[in-house]
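Across the two complexes that follow, chain A remains constant while its partner is chain B and subsequently chain C.
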Partner chain A sequence: MRGRSPRGRLTPYLFLAPALAVYGAFLLYPLARAVQFSFYDYDGLTVGTPVGLANYAAVLTDEGLRDAFGHALVLIGFFSLLPLLIGLVLAALLVRSRVRGLPLFRTVVFLPQVIAMVVVAVAWRRIYAPDGTLNQLLRAVGLDGLTRTWLGDYATALPAVGVIGTWYSTGLVTVLLMAGMARVPPELYEAASLDGAGPARQLRAITLPAIRPEIAVALTLTIIAALKTFDLVYVTTGGGPGTSTTVPSYEVYRRAFELGEVGAAAAVGVVLTVLIFGINLVVNRVADRQR
Partner chain B sequence: MAPRARWAAPRAASRAVGLAAATALVLTACAPGAGSDDGSGEPAPSGPVSTDVSDVGDVTLTVWDQEVRGGQDEQITQLNAAFEEANPNVTIERVSQSFDDLSTTLRLALTGDDAPDVVQTNNARATMGQFVESGQLVPLDAYADAYGWRDRYPESVLQYSTYSGDGRVFGEGSLYGLPQVGEVVGVYYSRSALDELGLEVPQTWADFEAALQAAADAGRTPLLLGNIEGWPAGHVLGAVQGAHVAPEEVQALGLGNEGASWTTPENLEALTQLQTWQEQGWFNEGVNGTDYDAAWQQLADGQGVFLIAGSWLAPDLQEAMGEDAGFFAPPPADGGQLATTGGTGIPFSITSAAEEPDVAAAYLDFLTSDDAMQVLADTGNLPVVDTASYAPESGLLSDVYTAFDDVSSEGALLPYLDYATPTMGDTLGQTLQGLLAGELTPEQAAEALEQDYADFTSSGG
Partner chain C sequence: MSAPVLGGARPGAAAGRGAAAGPARGPSRGSAAHRAASYVVLVVFALLALGPVVTVLVAALSPESAAAGDGPRVANFADAWVQGRFGQYMATSALVAVVVVVAAVLLSIMSGYAFGTMEFRGREVLFYLFLLGIMVPAEAVVVPLFFDLRSLGLTNTVWGIALPQVAQSVAFGTYWMRAYFRTTNRSLIEAARLDGAGPHRLLWSVLVPIGRPAITTLVLLVFMWTWNEFLIPLVMAPAGQLRTAPLGLALFQGQYTQGTSLLAAGAVLVALPVVVVYLVLQRHFIRGMLEGAVRE
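And then the complex of A and B:
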């Protein structure tokens, strides 16, 4: 049979070759080089010297970096978990209520995803400014005591950046969950309500299990977004005040381009990649189970 | 059935293949940077240097600059055209990008096969220092003698593009670049606000503090500062330090050379004063959350009285405030010397990849000649040489020219504090944000700065 001949077996790879070549040249090769750099003391100018695992040891012991990874984990809460909660409610409302102008609402909710992150960051920086929109709003309703320099205050800077992430992610999560919910046959809900199940019970027993794949996708995408946050922090706070909003991606940039520690920067990048991969593996394993 | 979400778990086989390929790649590739032209050792122009470039044949000079803003772009365009006219055999290929873009791409460009001939490199250790250390820049001493550059520039200016050959000592050794323009940090003010408060331009540091107090008493915001970026407060500290700390001490601290300390009583006094100003409410509200640009715009809007910032804001403030804007160098303490942060614009350097260094040197000489200084002044820039002689009759720019000339020729032009170490920019920004927010005491702030400085100097650069 033709399919068994060696030539025939190679044919699929022939078709894959162009895409694979591009993928290899622009993704796999840089990745491998980054891994290689991470084992060197390399400043980007002179010949690097191999240092074994020293860069990785530094990543684990550097207090500033540990803080940065901690901030990234906090951001997961704002980028992924909070949008998931809000998205569930919003999607359930939008799918069930059959409101007029549904496409409009869906577009509005999704809009933040379409805007470049830098633009989002610049806009929010104005909102958070000492005499910005948020503080003006608070003063207008008589809540003068609550006004803050949101991005300049040690206590509020990280949550303030996080809320931008929530605003950014919620649209994507909502639209994904809506797609999942629309797939659930309405008869199931009818049957459930005939059996006396309220909306909360219906959500837990029917909706959630049905949209498990969408939840996994939403979590995967938003967790990646949270962990690789760079432009948002770069534009809003630059890691400040002090070091209260530093994130790993920003440290990669800082090390490579500002300090000229290319080897150390590559090590941080590799650790971040492994972390993103690990967390998402767990998310998908959990989502795939019991199905 | 719902489609399965397949984001993870690629086939084990393909994973193994990919891993093997990656490993092979890692093992066979040579050390990073080994393949590039690293020009190890001290590059020096071979043979005697020549100031006559008419006989070298047709030459294309590739120049990477960051003169992108209005007046900057205007002056370099004019000067490039004039240079090509004076030297018909030379063609200038100009590659222009913003300061940030240039700093991120230059490192790669210098190690590449097709490196530019002339580049603008920031004076700091993290850039010019590292490029000198790795032999990417040509020492200009022979050209300086041939063209008389050391007579053209004051020593206080040239030191900022001077390094030892190994890049360890900053401020002594060989010359590696020539700047076109000067910069000085001083105090902007609104003339009408000063009149309303019945104040004169302060002549001593005590006068200045009294003026701030008077403004606060009258219910005005005495000092404007936008410090969300972290570095702006460093310029304010530079001015405060100039009034408290001996210039030699600040020089050593700022250039990252051995023999100074951040924890001296004088430095502590300067840090304490900065925090006290904040505690007394002399700054606008929420300095750490205010944009740098928003702060000077507030001065233009009449919301404050004084603003400590660099001379680069003068064209913008002149446009926004007209005759109302004024500028003075931070006044010295009683009996002290005029001293404030300042320096030069980004200097032009010759790379070791330049095929015709003589032509590149002629270009540098042309960019910094008397005629060029006139062009710089005409296009609203601050010429670094003989600044006062180019000053306009009156107005803000006249104040700025005078202040720079006073400080660079009579007083002490103190280095930017973040020149000191590759990490000092971040350390300084973070520390001063902490100091202004009351998160750090002046002692803790001094400790943090000292640690960065001492770690660097004790490691031998």
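And then the complex of A and C:
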């Protein structure tokens, strides 16, 4: 590429220009504007007044926002940690057993990933409804006492939304971990069994170190999915009952477009972005260091 | 160093360093008990994954009231399409998806080509600028986008819904296409150049045709993300004439307490296009969503 004409030297920039223009105008510029908005008290109609870091302080002091981030933390348990545990057991069991039908299994358990979250939410609303599938099942086995309005009960609404997240993530995590485990040479396990190492020992000494990159990817993807739960909450509970299922992304929407707290909403969006960047960095750093 | 590239902007725009899910091969050992346990687990978890899907399908085929007779009622889909206006919503979604897929994929091919095959000043910095965009969630940009595009008169237009999604997809697409162009055979590029092919001919007549698998994966992922997107169309089209399918479904759910069969039929219609494409071309989906970040 050296010694080109001036026109030749421009070529790469010409190929880049259209992408960069759209990307700059509709992603980078709005991101910068979000940061700018976040330093203002702005209702979306009148001129905003600068308030310094007050909107960020509110993330820590405003009870509604603090709760929303707390709920996100609970959802991470359901979207990320629980699927990781289930996925590890499933993948370890399946990857070395010569069962037929694994490709079909993979297709089926990955399916939740491609269904629009709004559709997922509509499906689970039917399951959780007062006369829905879950309560019918409980009545059928004589556990009438346990039936309730799962999404309308303060005690169960957040876990009920969380279980949808577990359903959504587990297939993805399992498929990822199975791909990682399939890479481990079987001889390692055979040598370990000869040395008298049981399945638990083999998992810890051989499997886990080998699939660390897959675990990192699984954690990153699912934690981000948990932090970005918007459509699911919007359709299943609308943040209720009360504020028991509000989440940060729902607060962004509600504050900006229902309450007219545009500056605060922008600040929550920026915090969410920083969190996602941070999680990416930390998870990848940890996965790298241990190689 | 490794690229810290994991998806935020578009769900699953990620970057796995893991290999694509290949067929799992284990050693031939494994007792009959182990196999039996594996089959039980296989079936139980497959049923758990399918349960909610089946619930909606059954509801979509049920008559609205017991009086309406029994047997599967396919007419629910026709009712959802016309009375539920899902036909209209799906048409809007299709229009938005076509605009986003065509624009995002073309722009990504061009920018990925520049990053993957050319040397120029600022290449690293510009590339990291694109990587940044993969992680930015829609939640962060949607607030200023609404107010700024409203002053430009772009809210309640297809462009207002599509362009922010083009930008998100271009971030991932640039990254994805660059990875493809970096793996193409250098000697092929040199040979084409010696034959007098300019950069445009080299791209569109040589590299794009042989890069069809990578481009297909990108097309499918962008289509899925766009079809399933909820927040951006919700915010950018408040007037309600331009409702994408997921948005129409969410509002239908909120408005009617009756009509559960119609709602379920609508849900099936909304999910159907992506699910059908997934069932036909699932390798692309699984590969694309799991694989992505190559080590640098």
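Keep this in mind: the second predicted complex is superposed on the first by the 266 of 291 C-alpha atoms of A that agree within 3 Å, B and C clash if a C-alpha of one lies under 4 Å from a C-alpha of the other, contacts with A are read in each partner's own complex, and residues count from 1 in each chain.
Throughout what follows, a residue touches a chain if its C-beta (ideal position, glycine included) is under 8 Å from a C-beta of that chain, and two chains touch if they have at least 3 such contacts.
Note that the coordinates shown come from a computational prediction; the quantities given were computed from them, not determined experimentally.
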Partner chain(s) touched by A:150 [first = chain B, second = chain C, both, neither]: first
Which superposed partner A:235 touches (first chain B, second chain C, both, neither): second
First (chain B), second (chain C), both or neither touched by A:260: first
Touching partner for A:220 - first (chain B), second (chain C), both, neither: both
Contacts of A:69 with chain B and chain C, given as first, second, both or neither: neither
Partner chain in contact with A:281 - chain B first, chain C second, else both or neither: both
Touching partner for A:78 - first (chain B), second (chain C), both, neither: neither
Touched partner set for A:34, first chain B, second chain C, both or neither: second
Which of chain B and chain C A:183 touches, first, second, both or neither: both
Chain A residues touched by each partner, larger count belonging to chain B or chain C: C
Touching both chain B and chain C, residues of chain A: 28, 31, 33, 36-37, 44, 125, 180, 183, 213-214, 216-217, 220, 257, 262, 280-281, 284, 288
Complex contacts: residues of chain C adjacent to chain A: 2, 4-9, 11-12, 14-30, 34-35, 37-39, 41-42, 45-46, 48-53, 55-56, 59, 103, 106-108, 110-111, 113-115, 118-120, 123, 126, 129-130, 132-133, 135-148, 163-164, 166-168, 170-171, 174, 199, 203, 224, 227-228, 230-231, 234-235, 238, 245-247, 249-250, 253, 260, 263-264, 267-268, 270-271, 274-275, 278-279, 282, 285-286, 289-290
Interface residues, chain A side, partner chain C - complex: 1, 9, 11-13, 15-16, 18-20, 22-23, 25-28, 30-31, 33-34, 36-37, 44, 90, 93-99, 101-127, 133, 167, 170-172, 174-176, 178-183, 186, 189-190, 213-214, 216-217, 220-221, 224-225, 227-228, 230-231, 234-235, 248-249, 252-253, 256-257, 262, 265-266, 268-270, 272-273, 276-277, 280-281, 283-284, 288
Partner chain A, residues of chain B touching it in the complex: 2-5, 7-9, 18, 21-22, 25-26, 29, 31-34, 38, 40, 103-104, 107-108, 110-111, 126, 130-131, 133-134, 136, 227-230, 284-291, 294, 422-423, 425-426, 429-431, 433-434, 437, 439
Of all residues in chain A, those that touch chain B in their complex: 28-29, 31-33, 35-37, 40, 42-50, 125, 128-130, 148-154, 180, 183, 210, 213-214, 216-217, 220, 237-243, 254, 257-260, 262-263, 280-281, 284-285, 287-288
